[in-house]
(Lines give C-alpha, C1' and ligand atoms only; values in the text may rest on other atoms or scores of the structure.)
Protein backbone atom coordinates (compact mmCIF):
# COMPACT_ATOMS: atom_id res chain seq x y z
CA UNK A 1 0.00 0.00 0.00
CA UNK A 2 2.70 2.51 -0.90
CA UNK A 3 2.03 6.16 -1.61
CA UNK A 4 4.18 7.93 -4.17
CA UNK A 5 4.23 11.66 -4.90
CA UNK A 6 6.01 12.82 -8.04
CA UNK A 7 6.62 16.54 -8.44
CA UNK A 8 7.64 17.86 -11.85
CA UNK A 9 7.63 21.29 -13.44
CA UNK A 10 4.50 22.07 -15.48
CA UNK A 11 6.03 21.98 -18.93
CA UNK A 12 3.63 20.02 -21.08
CA UNK A 13 3.66 16.43 -19.82
CA UNK A 14 0.84 14.65 -21.66
CA UNK A 15 -1.86 12.46 -20.12
CA UNK A 16 -0.14 9.46 -21.75
CA UNK A 17 3.22 10.31 -20.17
CA UNK A 18 1.62 10.74 -16.76
CA UNK A 19 -0.15 7.39 -17.14
CA UNK A 20 3.24 5.84 -17.99
CA UNK A 21 4.79 7.29 -14.82
CA UNK A 22 1.90 5.90 -12.76
CA UNK A 23 2.07 2.40 -14.22
CA UNK A 24 5.89 2.41 -14.17
CA UNK A 25 6.31 3.33 -10.53
CA UNK A 26 3.52 0.95 -9.48
CA UNK A 27 5.31 -1.86 -11.33
CA UNK A 28 8.66 -0.88 -9.76
CA UNK A 29 7.21 -1.21 -6.25
CA UNK A 30 5.82 -4.63 -7.14
CA UNK A 31 9.14 -5.78 -8.61
CA UNK A 32 11.39 -4.51 -5.81
CA UNK A 33 9.26 -4.87 -2.68
CA UNK A 34 6.39 -7.10 -3.78
CA UNK A 35 3.89 -4.31 -3.04
CA UNK A 36 0.29 -4.87 -4.07
CA UNK A 37 -0.56 -2.64 -7.08
CA UNK A 38 -4.25 -2.55 -6.10
CA UNK A 39 -3.49 -0.28 -3.14
CA UNK A 40 -0.50 1.61 -4.57
CA UNK A 41 -1.40 5.28 -4.89
CA UNK A 42 0.54 7.70 -7.12
CA UNK A 43 -0.06 11.46 -7.16
CA UNK A 44 1.66 13.73 -9.70
CA UNK A 45 2.01 17.44 -8.94
CA UNK A 46 2.83 19.76 -11.84
CA UNK A 47 4.43 22.93 -10.49
CA UNK A 48 4.69 26.28 -12.34
CA UNK A 49 8.30 27.12 -13.26
CA UNK A 50 7.98 30.34 -11.20
CA UNK A 51 7.35 28.19 -8.14
CA UNK A 52 10.26 25.77 -8.53
CA UNK A 53 13.77 26.71 -7.52
CA UNK A 54 17.13 24.98 -7.81
CA UNK A 55 20.52 26.52 -7.13
CA UNK A 56 18.71 29.53 -5.66
CA UNK A 57 17.05 30.45 -8.99
CA UNK A 58 13.57 29.80 -10.35
CA UNK A 59 13.27 27.38 -13.26
CA UNK A 60 11.70 30.25 -15.23
CA UNK A 61 15.00 32.15 -15.03
CA UNK A 62 17.09 29.02 -15.69
CA UNK A 63 15.06 28.28 -18.86
CA UNK A 64 15.56 31.90 -20.07
CA UNK A 65 19.31 31.68 -19.47
CA UNK A 66 19.49 28.37 -21.35
CA UNK A 67 17.52 29.87 -24.28
CA UNK A 68 19.82 32.91 -24.47
CA UNK A 69 22.90 30.69 -24.42
CA UNK A 70 21.50 28.64 -27.28
CA UNK A 71 20.85 31.84 -29.27
CA UNK A 72 24.46 32.94 -28.76
CA UNK A 73 25.85 29.88 -30.46
CA UNK B 1 -0.32 22.52 16.48
CA UNK B 2 -0.96 19.68 14.04
CA UNK B 3 -0.71 20.00 10.29
CA UNK B 4 -3.05 17.96 8.12
CA UNK B 5 -2.88 17.57 4.36
CA UNK B 6 -5.89 16.03 2.61
CA UNK B 7 -5.48 15.05 -1.03
CA UNK B 8 -8.59 14.27 -3.06
CA UNK B 9 -9.31 14.07 -6.76
CA UNK B 10 -10.69 17.28 -8.28
CA UNK B 11 -14.24 16.16 -8.92
CA UNK B 12 -16.44 18.98 -7.75
CA UNK B 13 -16.07 19.22 -3.96
CA UNK B 14 -17.88 22.41 -2.92
CA UNK B 15 -16.55 25.16 -0.66
CA UNK B 16 -19.05 23.96 1.97
CA UNK B 17 -17.79 20.39 1.82
CA UNK B 18 -14.18 21.54 2.10
CA UNK B 19 -15.10 23.72 5.10
CA UNK B 20 -16.72 20.64 6.68
CA UNK B 21 -13.54 18.60 6.18
CA UNK B 22 -11.49 21.38 7.79
CA UNK B 23 -13.75 21.77 10.83
CA UNK B 24 -14.21 18.00 11.16
CA UNK B 25 -10.53 17.07 11.18
CA UNK B 26 -9.71 19.98 13.52
CA UNK B 27 -12.39 18.73 15.94
CA UNK B 28 -11.10 15.14 15.64
CA UNK B 29 -7.60 16.22 16.70
CA UNK B 30 -9.06 18.07 19.67
CA UNK B 31 -11.20 15.09 20.70
CA UNK B 32 -8.51 12.41 20.34
CA UNK B 33 -5.29 14.22 21.28
CA UNK B 34 -6.48 17.44 22.94
CA UNK B 35 -4.78 19.49 20.22
CA UNK B 36 -5.43 23.24 20.20
CA UNK B 37 -7.69 24.13 17.23
CA UNK B 38 -6.24 27.67 17.10
CA UNK B 39 -2.96 26.34 15.67
CA UNK B 40 -4.29 23.33 13.75
CA UNK B 41 -3.62 23.85 10.05
CA UNK B 42 -5.45 21.90 7.31
CA UNK B 43 -4.53 22.08 3.63
CA UNK B 44 -6.68 20.40 0.96
CA UNK B 45 -5.14 19.54 -2.41
CA UNK B 46 -7.48 18.79 -5.29
CA UNK B 47 -5.67 16.71 -7.89
CA UNK B 48 -6.70 16.29 -11.55
CA UNK B 49 -7.88 12.73 -12.29
CA UNK B 50 -5.09 12.46 -14.93
CA UNK B 51 -2.57 12.98 -12.14
CA UNK B 52 -3.90 10.42 -9.66
CA UNK B 53 -3.17 6.74 -10.03
CA UNK B 54 -4.30 3.65 -8.17
CA UNK B 55 -3.73 0.06 -9.22
CA UNK B 56 -1.38 1.34 -11.90
CA UNK B 57 -4.17 3.25 -13.75
CA UNK B 58 -5.15 6.91 -13.73
CA UNK B 59 -8.47 7.80 -12.14
CA UNK B 60 -9.50 9.23 -15.54
CA UNK B 61 -9.30 5.75 -17.04
CA UNK B 62 -10.95 4.11 -14.02
CA UNK B 63 -13.90 6.54 -14.25
CA UNK B 64 -14.29 5.79 -17.99
CA UNK B 65 -14.27 2.04 -17.33
CA UNK B 66 -16.88 2.45 -14.58
CA UNK B 67 -19.09 4.57 -16.89
CA UNK B 68 -18.88 1.98 -19.70
CA UNK B 69 -19.76 -0.82 -17.29
CA UNK B 70 -22.81 1.13 -16.12
CA UNK B 71 -23.88 1.64 -19.75
CA UNK B 72 -23.62 -2.09 -20.41
CA UNK B 73 -26.16 -2.93 -17.76
CA UNK C 1 -9.32 7.21 -2.82
CA UNK C 2 -8.15 10.13 -0.66
CA UNK C 3 -4.73 10.36 0.92
CA UNK C 4 -4.40 12.10 4.28
CA UNK C 5 -1.18 13.01 6.05
CA UNK C 6 -1.41 14.05 9.70
CA UNK C 7 1.68 15.57 11.27
CA UNK C 8 1.82 15.90 15.07
CA UNK C 9 4.64 16.41 17.54
CA UNK C 10 6.04 13.21 19.03
CA UNK C 11 4.71 13.56 22.55
CA UNK C 12 3.32 10.19 23.51
CA UNK C 13 0.31 9.54 21.27
CA UNK C 14 -0.68 5.91 21.89
CA UNK C 15 -1.40 3.25 19.25
CA UNK C 16 -5.08 3.48 20.27
CA UNK C 17 -5.18 7.23 19.73
CA UNK C 18 -3.52 6.90 16.36
CA UNK C 19 -6.03 4.19 15.37
CA UNK C 20 -8.82 6.60 16.39
CA UNK C 21 -7.40 9.35 14.17
CA UNK C 22 -7.21 6.92 11.24
CA UNK C 23 -10.78 5.62 11.63
CA UNK C 24 -12.11 9.13 12.37
CA UNK C 25 -10.67 10.83 9.33
CA UNK C 26 -11.63 7.91 7.06
CA UNK C 27 -15.22 8.19 8.34
CA UNK C 28 -15.19 11.98 7.86
CA UNK C 29 -14.25 11.59 4.20
CA UNK C 30 -17.06 9.08 3.73
CA UNK C 31 -19.59 11.34 5.46
CA UNK C 32 -18.65 14.57 3.68
CA UNK C 33 -17.57 13.43 0.21
CA UNK C 34 -18.82 9.84 0.00
CA UNK C 35 -15.24 8.60 -0.40
CA UNK C 36 -14.67 4.85 -0.35
CA UNK C 37 -12.96 3.86 2.94
CA UNK C 38 -11.36 0.80 1.29
CA UNK C 39 -8.94 3.00 -0.65
CA UNK C 40 -8.59 5.86 1.85
CA UNK C 41 -4.98 6.01 3.04
CA UNK C 42 -3.92 7.85 6.21
CA UNK C 43 -0.29 8.37 7.23
CA UNK C 44 0.63 9.87 10.62
CA UNK C 45 4.04 11.49 11.07
CA UNK C 46 5.26 12.06 14.62
CA UNK C 47 7.87 14.82 14.61
CA UNK C 48 10.45 15.51 17.35
CA UNK C 49 9.74 18.78 19.20
CA UNK C 50 13.23 20.02 18.15
CA UNK C 51 12.11 19.69 14.53
CA UNK C 52 8.78 21.54 14.78
CA UNK C 53 8.60 25.32 14.87
CA UNK C 54 5.79 27.80 15.31
CA UNK C 55 6.12 31.54 15.82
CA UNK C 56 9.81 31.19 14.96
CA UNK C 57 10.55 28.97 18.00
CA UNK C 58 10.92 25.21 18.35
CA UNK C 59 8.22 23.38 20.30
CA UNK C 60 11.00 22.21 22.67
CA UNK C 61 11.59 25.83 23.69
CA UNK C 62 7.85 26.63 23.85
CA UNK C 63 7.27 23.65 26.15
CA UNK C 64 10.13 24.78 28.44
CA UNK C 65 8.73 28.32 28.59
CA UNK C 66 5.27 26.98 29.44
CA UNK C 67 6.73 24.74 32.21
CA UNK C 68 8.66 27.67 33.73
CA UNK C 69 5.55 29.85 33.68
CA UNK C 70 3.60 27.14 35.50
CA UNK C 71 6.37 26.89 38.14
CA UNK C 72 6.24 30.65 38.71
CA UNK C 73 2.63 30.54 39.76
CA UNK D 1 20.82 18.52 -1.27
CA UNK D 2 17.92 19.73 0.84
CA UNK D 3 14.35 19.84 -0.38
CA UNK D 4 12.09 22.63 0.87
CA UNK D 5 8.36 22.91 0.33
CA UNK D 6 6.72 26.25 1.14
CA UNK D 7 2.93 26.35 1.22
CA UNK D 8 1.20 29.73 1.22
CA UNK D 9 -2.31 30.88 0.44
CA UNK D 10 -2.84 32.04 -3.15
CA UNK D 11 -3.24 35.75 -2.52
CA UNK D 12 -1.16 37.48 -5.13
CA UNK D 13 2.49 36.66 -4.41
CA UNK D 14 4.47 38.00 -7.39
CA UNK D 15 7.12 36.11 -9.37
CA UNK D 16 9.71 38.44 -7.78
CA UNK D 17 8.56 37.59 -4.26
CA UNK D 18 8.62 33.89 -5.00
CA UNK D 19 12.14 34.22 -6.45
CA UNK D 20 13.16 35.98 -3.21
CA UNK D 21 11.78 33.13 -1.11
CA UNK D 22 13.70 30.62 -3.23
CA UNK D 23 17.02 32.47 -3.04
CA UNK D 24 16.52 33.31 0.65
CA UNK D 25 15.84 29.79 1.85
CA UNK D 26 18.65 28.39 -0.32
CA UNK D 27 21.04 30.91 1.27
CA UNK D 28 19.75 30.07 4.76
CA UNK D 29 20.55 26.38 4.27
CA UNK D 30 24.05 27.29 3.09
CA UNK D 31 24.64 29.61 6.05
CA UNK D 32 23.29 27.30 8.77
CA UNK D 33 24.19 23.82 7.51
CA UNK D 34 26.70 24.45 4.72
CA UNK D 35 24.35 22.85 2.20
CA UNK D 36 25.27 23.05 -1.47
CA UNK D 37 22.93 25.52 -3.26
CA UNK D 38 23.44 23.70 -6.58
CA UNK D 39 21.30 20.77 -5.38
CA UNK D 40 18.94 22.63 -3.05
CA UNK D 41 15.40 22.32 -4.40
CA UNK D 42 12.56 24.64 -3.34
CA UNK D 43 8.93 24.12 -4.34
CA UNK D 44 6.26 26.72 -3.56
CA UNK D 45 2.60 25.67 -3.43
CA UNK D 46 -0.02 28.39 -3.61
CA UNK D 47 -3.25 27.11 -2.09
CA UNK D 48 -6.75 28.57 -2.66
CA UNK D 49 -8.14 30.20 0.51
CA UNK D 50 -11.12 27.79 0.36
CA UNK D 51 -8.64 24.92 0.73
CA UNK D 52 -6.67 26.25 3.71
CA UNK D 53 -7.99 26.01 7.23
CA UNK D 54 -6.77 27.25 10.58
CA UNK D 55 -8.69 27.21 13.84
CA UNK D 56 -11.30 25.03 12.13
CA UNK D 57 -12.25 27.77 9.61
CA UNK D 58 -11.26 28.32 6.00
CA UNK D 59 -9.07 31.34 5.27
CA UNK D 60 -11.87 32.55 2.94
CA UNK D 61 -14.16 32.91 5.97
CA UNK D 62 -11.41 34.38 8.16
CA UNK D 63 -10.68 37.04 5.50
CA UNK D 64 -14.41 37.93 5.28
CA UNK D 65 -14.65 38.26 9.07
CA UNK D 66 -11.57 40.50 9.14
CA UNK D 67 -13.02 42.68 6.34
CA UNK D 68 -16.35 43.06 8.18
CA UNK D 69 -14.57 44.00 11.41
CA UNK D 70 -12.61 46.67 9.56
CA UNK D 71 -15.85 48.06 8.10
CA UNK D 72 -17.39 48.28 11.58
CA UNK D 73 -14.70 50.60 12.84
CA UNK E 1 14.71 18.24 -11.75
CA UNK E 2 11.87 16.12 -10.39
CA UNK E 3 11.30 15.36 -6.72
CA UNK E 4 9.83 11.99 -5.78
CA UNK E 5 8.65 10.94 -2.34
CA UNK E 6 7.95 7.24 -1.78
CA UNK E 7 6.16 6.27 1.42
CA UNK E 8 6.14 2.61 2.46
CA UNK E 9 5.47 0.82 5.72
CA UNK E 10 8.58 0.06 7.78
CA UNK E 11 8.70 -3.68 7.33
CA UNK E 12 12.28 -4.53 6.59
CA UNK E 13 13.14 -3.02 3.21
CA UNK E 14 16.91 -3.45 2.79
CA UNK E 15 19.41 -0.78 1.76
CA UNK E 16 19.75 -2.63 -1.56
CA UNK E 17 16.00 -2.56 -2.21
CA UNK E 18 15.83 1.14 -1.40
CA UNK E 19 18.76 1.80 -3.76
CA UNK E 20 16.84 -0.11 -6.47
CA UNK E 21 13.75 2.05 -5.94
CA UNK E 22 15.90 5.19 -6.22
CA UNK E 23 17.68 4.14 -9.40
CA UNK E 24 14.47 2.72 -10.89
CA UNK E 25 12.33 5.80 -10.44
CA UNK E 26 15.15 8.09 -11.60
CA UNK E 27 15.46 5.99 -14.77
CA UNK E 28 11.68 6.03 -15.27
CA UNK E 29 11.64 9.85 -15.23
CA UNK E 30 14.45 9.93 -17.77
CA UNK E 31 12.71 7.40 -20.03
CA UNK E 32 9.24 8.97 -19.93
CA UNK E 33 9.93 12.70 -19.61
CA UNK E 34 13.63 13.02 -20.47
CA UNK E 35 14.34 14.38 -16.99
CA UNK E 36 17.96 14.89 -16.01
CA UNK E 37 19.00 12.21 -13.44
CA UNK E 38 21.67 14.54 -11.98
CA UNK E 39 19.00 16.72 -10.36
CA UNK E 40 16.33 14.08 -9.73
CA UNK E 41 15.80 13.75 -5.97
CA UNK E 42 14.11 10.72 -4.38
CA UNK E 43 13.19 10.52 -0.69
CA UNK E 44 11.88 7.30 0.87
CA UNK E 45 9.86 7.48 4.09
CA UNK E 46 9.43 4.27 6.08
CA UNK E 47 6.35 4.58 8.28
CA UNK E 48 5.57 2.46 11.37
CA UNK E 49 2.58 0.14 10.79
CA UNK E 50 0.80 1.82 13.75
CA UNK E 51 0.97 5.10 11.81
CA UNK E 52 -0.39 3.86 8.47
CA UNK E 53 -4.08 3.32 7.90
CA UNK E 54 -6.11 1.95 5.04
CA UNK E 55 -9.82 1.12 5.07
CA UNK E 56 -10.02 2.86 8.46
CA UNK E 57 -7.67 0.34 10.15
CA UNK E 58 -3.99 0.51 11.01
CA UNK E 59 -1.66 -1.80 9.09
CA UNK E 60 -0.68 -3.31 12.47
CA UNK E 61 -4.26 -4.58 12.91
CA UNK E 62 -4.53 -5.68 9.26
CA UNK E 63 -1.31 -7.70 9.58
CA UNK E 64 -2.63 -9.38 12.78
CA UNK E 65 -5.92 -10.25 11.07
CA UNK E 66 -4.06 -11.72 8.08
CA UNK E 67 -1.83 -13.79 10.41
CA UNK E 68 -4.85 -15.15 12.33
CA UNK E 69 -6.60 -16.07 9.09
CA UNK E 70 -3.51 -17.97 7.93
CA UNK E 71 -3.42 -19.85 11.26
CA UNK E 72 -7.06 -20.86 10.85
CA UNK E 73 -6.37 -22.67 7.63
CA UNK F 1 -0.09 31.26 8.02
CA UNK F 2 2.48 29.51 5.83
CA UNK F 3 3.60 25.93 6.28
CA UNK F 4 7.21 25.04 5.47
CA UNK F 5 8.69 21.56 5.29
CA UNK F 6 12.48 21.27 5.16
CA UNK F 7 13.94 17.87 4.33
CA UNK F 8 17.64 17.28 4.97
CA UNK F 9 19.77 14.19 5.31
CA UNK F 10 20.28 13.00 8.90
CA UNK F 11 23.92 13.89 9.30
CA UNK F 12 24.24 15.53 12.68
CA UNK F 13 22.33 18.84 12.51
CA UNK F 14 22.23 20.15 16.09
CA UNK F 15 19.17 21.45 17.95
CA UNK F 16 20.69 24.94 17.66
CA UNK F 17 21.06 24.67 13.89
CA UNK F 18 17.49 23.44 13.51
CA UNK F 19 16.25 26.33 15.68
CA UNK F 20 18.17 28.70 13.38
CA UNK F 21 16.49 27.23 10.30
CA UNK F 22 13.07 27.65 11.95
CA UNK F 23 13.62 31.26 12.99
CA UNK F 24 15.34 32.11 9.69
CA UNK F 25 12.60 30.82 7.40
CA UNK F 26 9.87 32.36 9.59
CA UNK F 27 11.65 35.73 9.33
CA UNK F 28 12.06 35.32 5.56
CA UNK F 29 8.32 34.85 5.12
CA UNK F 30 7.66 37.95 7.20
CA UNK F 31 10.20 40.01 5.23
CA UNK F 32 9.11 38.92 1.75
CA UNK F 33 5.35 38.35 2.08
CA UNK F 34 4.48 40.02 5.40
CA UNK F 35 3.32 36.67 6.80
CA UNK F 36 2.42 36.52 10.48
CA UNK F 37 5.14 34.58 12.38
CA UNK F 38 2.62 33.53 15.06
CA UNK F 39 0.95 31.09 12.67
CA UNK F 40 3.97 30.15 10.53
CA UNK F 41 4.67 26.44 10.99
CA UNK F 42 8.01 24.84 10.08
CA UNK F 43 8.62 21.09 10.13
CA UNK F 44 12.11 19.63 9.59
CA UNK F 45 12.48 16.03 8.43
CA UNK F 46 15.86 14.37 8.84
CA UNK F 47 16.15 11.49 6.39
CA UNK F 48 18.62 8.57 6.62
CA UNK F 49 21.24 8.69 3.86
CA UNK F 50 20.07 5.23 2.69
CA UNK F 51 16.64 6.77 2.01
CA UNK F 52 17.77 9.81 0.02
CA UNK F 53 18.75 9.56 -3.62
CA UNK F 54 20.14 12.01 -6.13
CA UNK F 55 21.45 11.22 -9.58
CA UNK F 56 20.05 7.71 -9.16
CA UNK F 57 22.37 6.88 -6.21
CA UNK F 58 21.77 6.90 -2.46
CA UNK F 59 23.59 9.55 -0.44
CA UNK F 60 25.22 6.69 1.50
CA UNK F 61 26.98 5.58 -1.69
CA UNK F 62 27.80 9.16 -2.75
CA UNK F 63 29.41 9.81 0.67
CA UNK F 64 31.50 6.63 0.36
CA UNK F 65 32.66 7.59 -3.14
CA UNK F 66 33.63 11.08 -1.91
CA UNK F 67 35.58 9.58 1.03
CA UNK F 68 37.48 7.17 -1.25
CA UNK F 69 38.35 9.99 -3.61
CA UNK F 70 39.72 12.03 -0.72
CA UNK F 71 41.84 9.06 0.41
CA UNK F 72 43.29 8.70 -3.08
CA UNK F 73 44.71 12.18 -3.05
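By letter and in written order, the chains are A, B, C, D, E and F; residue numbering begins at 1 in each of them.
Here is the rule we use: contacts are C-beta pairs under 8 Å (C-beta built on N, C-alpha and C of every residue); 3 or more make two chains touch, one makes a residue touch a chain.
Chain by chain, the UniProt names read as follows: A, B, C, D, E, F = Tautomerase.
For clarity, every value in this text was computed on a predicted model and none was experimentally measured.
Participant: Assuming a repeat means more than half of the contact pairs shared by residue number, which candidate in A-D, A-E or A-C repeats E-F?
Facilitator: Of the listed options, the interface copy of E-F is A-D.
Participant: Once you count every C-beta pair in contact for both, which comes out on top, B-F or B-C?
Facilitator: B-C
Participant: Compare the CA centroid of chain A (Tautomerase) with every other chain's and tell me the farthest one.
Facilitator: With centres defined by C-alpha atoms, farthest from chain A (Tautomerase) sits C.
Participant: Shared numbers divided by all numbers used: is that above or below half for chain A (Tautomerase) and chain D (Tautomerase), i.e. same or different?
Facilitator: Mostly different residues form this interface, as fewer than half of the numbers used are common to both chains.
Participant: So if I superpose chain B (Tautomerase) on chain E (Tautomerase) by CA, what angle comes out, to the nearest 5°?
Facilitator: Fitting chain B (Tautomerase) to chain E (Tautomerase) on C-alpha positions yields an angle of 180 degrees.
Participant: Measuring from the mean C-alpha position of chain C (Tautomerase) to the mean C-alpha position of chain D (Tautomerase), what distance in angstrom results?
Facilitator: Whole-Å distance between the two chain centres: 21.
Participant: Express in whole angstrom the distance between the two chain centres, defined as the mean CA positions of chain D (Tautomerase) and chain E (Tautomerase).
Facilitator: 29
Participant: Hey, how far is the Cα centre of chain D (Tautomerase) from the one of chain F (Tautomerase), in Å?
Facilitator: That pair's centroid distance is 18 Å.
Participant: Would you give the residues of chain C (Tautomerase) that are in contact with at least 2 other chains, written as numbers and ranges?
Facilitator: Answer for chain C (Tautomerase), listing residues that touch two or more other chains: 1, 3, 7, 39, 41, 43, 45, 52, 54.
Participant: In graph terms, with chains as vertices and touches as edges, which category applies: line, ring, star, complete, or other?
Facilitator: Per interface graph, the chains form some other shape.
Participant: Can you work out from the touch definition every pair of chains that touches here?
Facilitator: Result of the pairwise touch check is A-B, A-C, A-D, A-E, B-C, B-D, B-F, C-E, C-F, D-E, D-F, E-F.
Participant: Report the residues of chain F (Tautomerase) in contact with chain C (Tautomerase) in the complex, numbered from low to high.
Facilitator: On the chain F (Tautomerase) side, the touching residues are 15, 18-19, 22-23, 26-27, 37-46.
Participant: Which stretch or stretches of chain E (Tautomerase) touch chain A (Tautomerase) in the complex?
Facilitator: 1-9, 13, 17, 20-21, 24-25, 28-29, 31-33, 35, 39, 52, 54, 59
Participant: Would you tell me which residues of chain B (Tautomerase) are touching chain A (Tautomerase) in their complex?
Facilitator: Result: residues 7, 45, 47, 50-58, 60-61 of chain B (Tautomerase) touch chain A (Tautomerase).
Participant: Using the touch definition up top, name the residues of chain A (Tautomerase) that touch chain C (Tautomerase) in the complex.
Facilitator: Contact set of chain A (Tautomerase) toward chain C (Tautomerase): 1, 3, 39, 41, 43.
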